[in-house]
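Residue numbering begins at 1 within each chain, and the chains themselves are lettered A, B, C, D, E and F in the order written.
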Amino acid sequence: MHRIVTFGEIMIRLQPYDYLRFVQADSLEFTFGGAEANVAVSLANFGLDSVYVTKLPAHEIGQCAVNSLRRYGVDVSEIVRGGDRVGIYFNEKGASQRGGLCIYDRARSAIADAEPSDFDWDEILEGADWFHFTGITPALSKNAARICEEACAAARAKGIKVSFDPNYRATLWTLDEARKTLARYSGRVDLLITNADQARDIYGIEIPAAGAGGRLSDESCVEVARRLAENLGLGKVALTMREPRSASVNGLSAMLYDAKTGESAFSREYELHIVDRVGGGDSFAAGLIYSLLKGADIRTSVELAAAASALKHSIEGDFNMVSLAEVERLAAGDGSGRIQR
Amino acid sequence: MHRIVTFGEIMIRLQPYDYLRFVQADSLEFTFGGAEANVAVSLANFGLDSVYVTKLPAHEIGQCAVNSLRRYGVDVSEIVRGGDRVGIYFNEKGASQRGGLCIYDRARSAIADAEPSDFDWDEILEGADWFHFTGITPALSKNAARICEEACAAARAKGIKVSFDPNYRATLWTLDEARKTLARYSGRVDLLITNADQARDIYGIEIPAAGAGGRLSDESCVEVARRLAENLGLGKVALTMREPRSASVNGLSAMLYDAKTGESAFSREYELHIVDRVGGGDSFAAGLIYSLLKGADIRTSVELAAAASALKHSIEGDFNMVSLAEVERLAAGDGSGRIQR
Amino acid sequence: MHRIVTFGEIMIRLQPYDYLRFVQADSLEFTFGGAEANVAVSLANFGLDSVYVTKLPAHEIGQCAVNSLRRYGVDVSEIVRGGDRVGIYFNEKGASQRGGLCIYDRARSAIADAEPSDFDWDEILEGADWFHFTGITPALSKNAARICEEACAAARAKGIKVSFDPNYRATLWTLDEARKTLARYSGRVDLLITNADQARDIYGIEIPAAGAGGRLSDESCVEVARRLAENLGLGKVALTMREPRSASVNGLSAMLYDAKTGESAFSREYELHIVDRVGGGDSFAAGLIYSLLKGADIRTSVELAAAASALKHSIEGDFNMVSLAEVERLAAGDGSGRIQR
Amino acid sequence: MHRIVTFGEIMIRLQPYDYLRFVQADSLEFTFGGAEANVAVSLANFGLDSVYVTKLPAHEIGQCAVNSLRRYGVDVSEIVRGGDRVGIYFNEKGASQRGGLCIYDRARSAIADAEPSDFDWDEILEGADWFHFTGITPALSKNAARICEEACAAARAKGIKVSFDPNYRATLWTLDEARKTLARYSGRVDLLITNADQARDIYGIEIPAAGAGGRLSDESCVEVARRLAENLGLGKVALTMREPRSASVNGLSAMLYDAKTGESAFSREYELHIVDRVGGGDSFAAGLIYSLLKGADIRTSVELAAAASALKHSIEGDFNMVSLAEVERLAAGDGSGRIQR
Amino acid sequence: MHRIVTFGEIMIRLQPYDYLRFVQADSLEFTFGGAEANVAVSLANFGLDSVYVTKLPAHEIGQCAVNSLRRYGVDVSEIVRGGDRVGIYFNEKGASQRGGLCIYDRARSAIADAEPSDFDWDEILEGADWFHFTGITPALSKNAARICEEACAAARAKGIKVSFDPNYRATLWTLDEARKTLARYSGRVDLLITNADQARDIYGIEIPAAGAGGRLSDESCVEVARRLAENLGLGKVALTMREPRSASVNGLSAMLYDAKTGESAFSREYELHIVDRVGGGDSFAAGLIYSLLKGADIRTSVELAAAASALKHSIEGDFNMVSLAEVERLAAGDGSGRIQR
Amino acid sequence: MHRIVTFGEIMIRLQPYDYLRFVQADSLEFTFGGAEANVAVSLANFGLDSVYVTKLPAHEIGQCAVNSLRRYGVDVSEIVRGGDRVGIYFNEKGASQRGGLCIYDRARSAIADAEPSDFDWDEILEGADWFHFTGITPALSKNAARICEEACAAARAKGIKVSFDPNYRATLWTLDEARKTLARYSGRVDLLITNADQARDIYGIEIPAAGAGGRLSDESCVEVARRLAENLGLGKVALTMREPRSASVNGLSAMLYDAKTGESAFSREYELHIVDRVGGGDSFAAGLIYSLLKGADIRTSVELAAAASALKHSIEGDFNMVSLAEVERLAAGDGSGRIQR
């Protein structure tokens, strides 16, 4: 069984019920999420040996975070216990023309305050096939950025594939800070998962003018991926294309580019009625990692990843609670939403 | 007041709230439903004397099932009490590209284990104008199939109209078993309510090639109905046409064919934003039975039935909690969804 | 800071959760609302000094109504305490082809039974810049109608701008009663906020034939506004145009006409996925009052008002819990519903 | 099967969840209750033919009230539909030293506004064995008081037993009004169910000085009952004795006096941990009516009635959802609260 | 780390909220429980390597059961997947004089239908220190009884300690059946956990007459334990003594007898305010197993076990979600319930 | 109207529903609380002009905290907006022998990070009659301690009465730190509200040996108060005496000592069935401040304060949502918990 290691911050997600705003709420959904934890849960759902690495306080709220992963089959044995608090994000769902709202309260969390010495990457990555992280983690603190670097180095040394999603968050750091820090990971990543905006903002790729409807042509997408691969020495580049018609309805598709062969593949496009907007990118990443680990070709891989991402939008919470069979069924073309009796 | 008798299994319906999946839920909606019970409640809502026949345990969970019908005015005096358990179905709502999920736990329910001697159809059907059942009931057990046969025979003997919806469920029996058993009801049914897929799978009607968008032409629909009527000796045949664009949006329309006159009528087509997908067919059946009992023509009847079915998709749970006035208003063309103040 | 006074009835709003109907519910949302209170809360949300005037019983249920306003920053110091009951409205959300349902239980409420002597308008309106009310209040009782008249007269005497929305409710009075009573406010209102149907039904304006899709041409809208202004001596007229495709999806746009210059401006049109249909007009009114008080031109004003109204449809409850920044962002064109992190 | 007719007002009961107060709540339990309806549901639960008579609006909220009775097997066929509103009571649970709070909003309800001609008591009481009402109903309106009189007269004429509980509510009328009106029913009641306080306040019975702990001696209780029977010409008198240690813990016992034999019987005393305080007296009344109808002796009857009342305090809502078997088990002495598996 | 294996049936537990009865509920708590699973979760909470063995369907409801254990750290790798259904128990909380109600719907569950060949006990018990089961499992089916026998035999062969709680349930089998089947385990069990009633009913131990308040003297308890140990060849016997004053308040204490030394120890007695009555015995068993594995003396062991059991009564659901530190604090005497800040 | 200023930290209170533990919860109550905010709300409920001073972030979560106070009539105009986060406390209710659990996540909150220059005490205290704070606030940070000092100094300068409750929290600072910091307020406080344990631990008062049941004699209480007054130069000292029998039942009484006259008064003792344990001391403080401001004698004052505290234990959340009338009724002796109709 493939063993994948993800590293990052799992946060408490506090969200009003239905479409209530915080100022109307007196009850909050109490779940957990975070970009890398979302990937870890997806991979466990797909049946892989998914190991999630982070630091969490020893108290009961830290235990809740551990349990949220353990419940869905993620290996939590590498989680370090210590520190003072679990990061929190307050999340409001958007609807129609009103966008969702996300307020971070994650400063001084256990993982942001962690020491590099908390993690022995040589031991953690033993036997692993893949390592995944995102740009959110180095944004948390200097230490967190250094821990990411050490993890990448250890993975490289062991010949473990590394995937990375820059996942830029303007509330965590400036573009300038992000660019400088993320540059340190260049040359250590095999698969980059991003979109055109981040290619431009983080990696300085010039984006061709979009066509009608603000949509890049397929050729432009391939060109962006080609340049990213060239500039950053990547093996593969995946781009997701989201067309937000409103907070309730989005278009979604994706592209995967193989730098070795120069080939690219595009998924079908989905028209999404959104239940929960968070975690679509993480679900895409997990689908892609799964497919590539299983040796699927780029067409099959991008379809599976896009289907996983599409399904996430119908799932409440951060974690993509869908089975591999459900993802494969959608990737194979059945998007009718019929009842499975 | 018209008296209609329906016979079948009423089950506990356990469903997570909102769009949660079972693996995320720690609370379930506790309601009741089942194809024939749904028809019975609709008919009571329309003001008829609606008698529901089944067998339910004497314990408190059985009592809950009885109360769920009694609450909405269904006559429960013919329900036999006994047996061990109430059948259950676990139901997850679908959304967007993710289909709903339905897991049956109904084996060995009181009605599946019932004896033919539990029901004295001559007495039960005394004074009735109509008898309705579906293919789910004979699928439950050999005894249940035999009880259906006895009910049909008694209805025929008393000159009571019989309507039937094959309602094929692959998790209950194979197509082959269904075909053999349902053949026993041929010649005893006046109104068949079905769709093109079941006409082909159960009754062996060859379906003409669909046009663009996978849609049968009106002529093909009529031809299917004509052949069904001919082969099975039916007075009327109703076909529902569903176009599932996703689990969130469906198209819906219907056709009613009168074998005596050879005339047919099509309802308008509805674009549905789905609140709950279950029970659309049962609501259609109830609308049709009501209209035909009231002596409406086929055009009026199919419009009322389609409107009842359309409204069901906006109602939570199995039962179609809409009034006759609401159905008539929609059948008359007001689908704007304005607030009624 | 601008001081705006609104006067009307705040009611308990009892609503089943999700899309449940009353006959299915055993739990109700317990919130408060009412046309003028909705305007008052919006204006407080926009940062103005918003004073709401009504009469409410001294008991705890009356206190809940007071608190519902106080919580969101409305000045409640002019609310008179006394009388027996708080008016109630039972509200069911509509969905798809099923319209919402609203049952009033507001007879003999404290404000309907209030005496003109309960309110000293000269004192209440001291320092105010604007007075707003709607046609619902005079419909409550003879006394309420007379109190509205006295408020208008006092406002006029102090040179305070008055806005009015006829808000006709057939369950409160007949068209004939409405026409007679509302005629008494003519000449005392500066800004009328209405739609084409009410222009015709209440004010006898002949509406030109609608074009395809039942939509009035822009020219016809302007013509309706021009005649209203002329007939009623208004400074400005705003018309809202709603195209209800179903209870789930509506089109929405608006027009503002300036009688002094003869100029008019139309907002962009929004495609709304409706979370809660109530209060869209009140949110529009609040946006308009805010803009006009701030001295915005008619184009800016109608866009802000339409954006506020559009956002309301994404908010649960009567009150439009959106910030000025959110309204301005949408008015400026960002309706993509992206997450604000 | 014994047929019992009860007459009164069924109200909406709106209650915050848990121990929340109204000013903290944004969600309310939506159930139904009322002294006589509570008796009717208890009697249906005990398996009798229980007919409840009232007037309720034709709209959906009125229908909810009908369904709340129908669900539990009460015969609703004699309920008159019409009028404007369903009475409401807002109820807060008490706890520890804080008493419960009950705010009535029942003026102008359909039954308070009903006409004597709405009810044909000769027809309604046909075949009945018992008629029960309480002092709340005549307190509603002059008409309601007159309807009660007519019902009593019709019952007397048919030789039907009549039971009555004065159920004095200071928020509905003064003691003086109550005394005058209730005097009109003297001589028409066979069984009076009351307590010492009401015996003194309503019927002018002098109560002997209480002993230690504010508790009347058994002899004093019998003396009170004897005088009541004598003064009012009663066949039997039941007194309930409640010792409220706090809103969470009460002592409860009861006495039944037979005027014909001069014998009396006392129930055991229960120490109650209170889940819901409302409806304890109505449950007692129902237990007593059931027992007396079944011909039980006074000892058996008072024990069954007290056990029914005790159990009610463990049940949420107004209605006493316990079975006859459960009441009999407690009356027989098993108050250990063991799990029934 | 000590490795303990438990074997049995984990069921869905469906329970109305608060003190609602099933006939009042439209929402159910959806949790999982079962005597042996409860022990397994407690032991995982205490930090041991707790392995739970059962059979569960492969579908999502079966997965929910697996996740409920995995979430709390139980090793689920030995759970066999297959079969049709998860057993269910419907549970109502009792209060005051009303006892809780438990309705089983567990016939034909995956574990009841399991084959002995589904479990390779030699492999499962490899490295284990303890095996625990209860009398509920052999009551499920002939096969289940045989599987228990094979497990005991394998444990004995490996020198693993075996503990057993007869846990007689009259709804599963008769006393006679229980006696015969349980006799087969005699001689294979080291620690018996039971109470005086079951000692008499299952093992034929004559119980001395109880003293005032229905309470056995300490001497009698020891005598019962001594005879059990003698008759059944046990190493230790634990007896729990429950004094149910009502469903809300119970007294609880326990005794542990060591057959080797003839010594016995009694725990302190707790006065319990009950939140949830289920699982008290299982929590006692887990506390005892933990203590004995850790080599504690009988006094320390019985105090820890009684404290664990006492705390369970304050915890919602079947599982005893308390930490070892909390149990030790109570065992050490701090039952004041002060807030831990 | 008396104007009282309180200063401190208002936190988010996140609590599982019912008696669930965090590890079981997926939904949390979202309310607000904090020692001084609790006092402020109580005083507003009693009808005084209650001004609460703190610092809160400008974002929506900060706004929720503001609204929670505004809703109940607290004057929020002196709240400074800024900083990054709102402090949080995670709270689990205790029951029976299991104590409540409180986990603080309040480091780096806006008020802990506030600057002395954020508050102009001369302006804030203008027109005030009383200033209240507790030992929690100086424990938050050096700055917070200094702000308290400045507030005390300003109050003293203006001749405003100052009350103080040391409210020692071991998770915020050590006893040693507390002693040193709190010493700085000596001589600036008029009324000290504390208990015997804190008198000993913080102020070094030797406590006489307790009698049976761990209870101090009345004489000892007076002696403790006398020494506190003497040592710290206080005008009055209040001591609360809590006897925790379990987390469900507590005894509660209080004593007030007047240093000027040397007189003392004891309240009656309450037996509390606890709904929510938090805020009992704050409710006592508010009752005392109210009474003393109104000029009541010490006997009346301590009874009112104790009654307010007793009632708080029946109220969910931090805030004591009881009216003055309810407190006075209980202080006058009616603790029967009867329903107020």
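Everything below uses one rule, namely that a residue touches a chain if its C-beta (ideal position, glycine included) is under 8 Å from a C-beta of that chain, and two chains touch if they have at least 3 such contacts.
Everything numeric here is computed off the predicted structure, so don't read it as measured data.
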Degree value of the rotation bringing subunit A onto subunit C, based on Cα positions, nearest 5: 120
Remotest chain, subunit C as reference, centres from CA atoms: E
Selected pair, out of E-F, A-E or C-D, that shares over half of its residue contact pairs with B-C: E-F
For subunit B paired with subunit F, centre-to-centre distance based on mean C-alpha positions, whole Å: 62
Chain centre separation (subunit A, subunit F; CA means) in Å: 45
Touching two or more other chains - residue numbers and ranges from subunit D: 18, 21, 23, 26, 67, 72, 101
Touching residues on subunit B, where the partner in the complex is subunit D: 67, 70-73
Sites on subunit C touched by subunit D in the complex: 14, 21-23, 25-31, 59-61, 63-64, 67, 84-86, 88, 90, 101, 103, 105, 107-108
Contacting residues of subunit E [partner subunit F, same complex]: 18, 72, 270-275, 307, 310-311, 313-317, 321-322, 326, 330, 335-341
Complex contacts: residues of subunit E adjacent to subunit D: 18-21, 23-24, 94-102, 104, 169-171, 244-249, 277-278
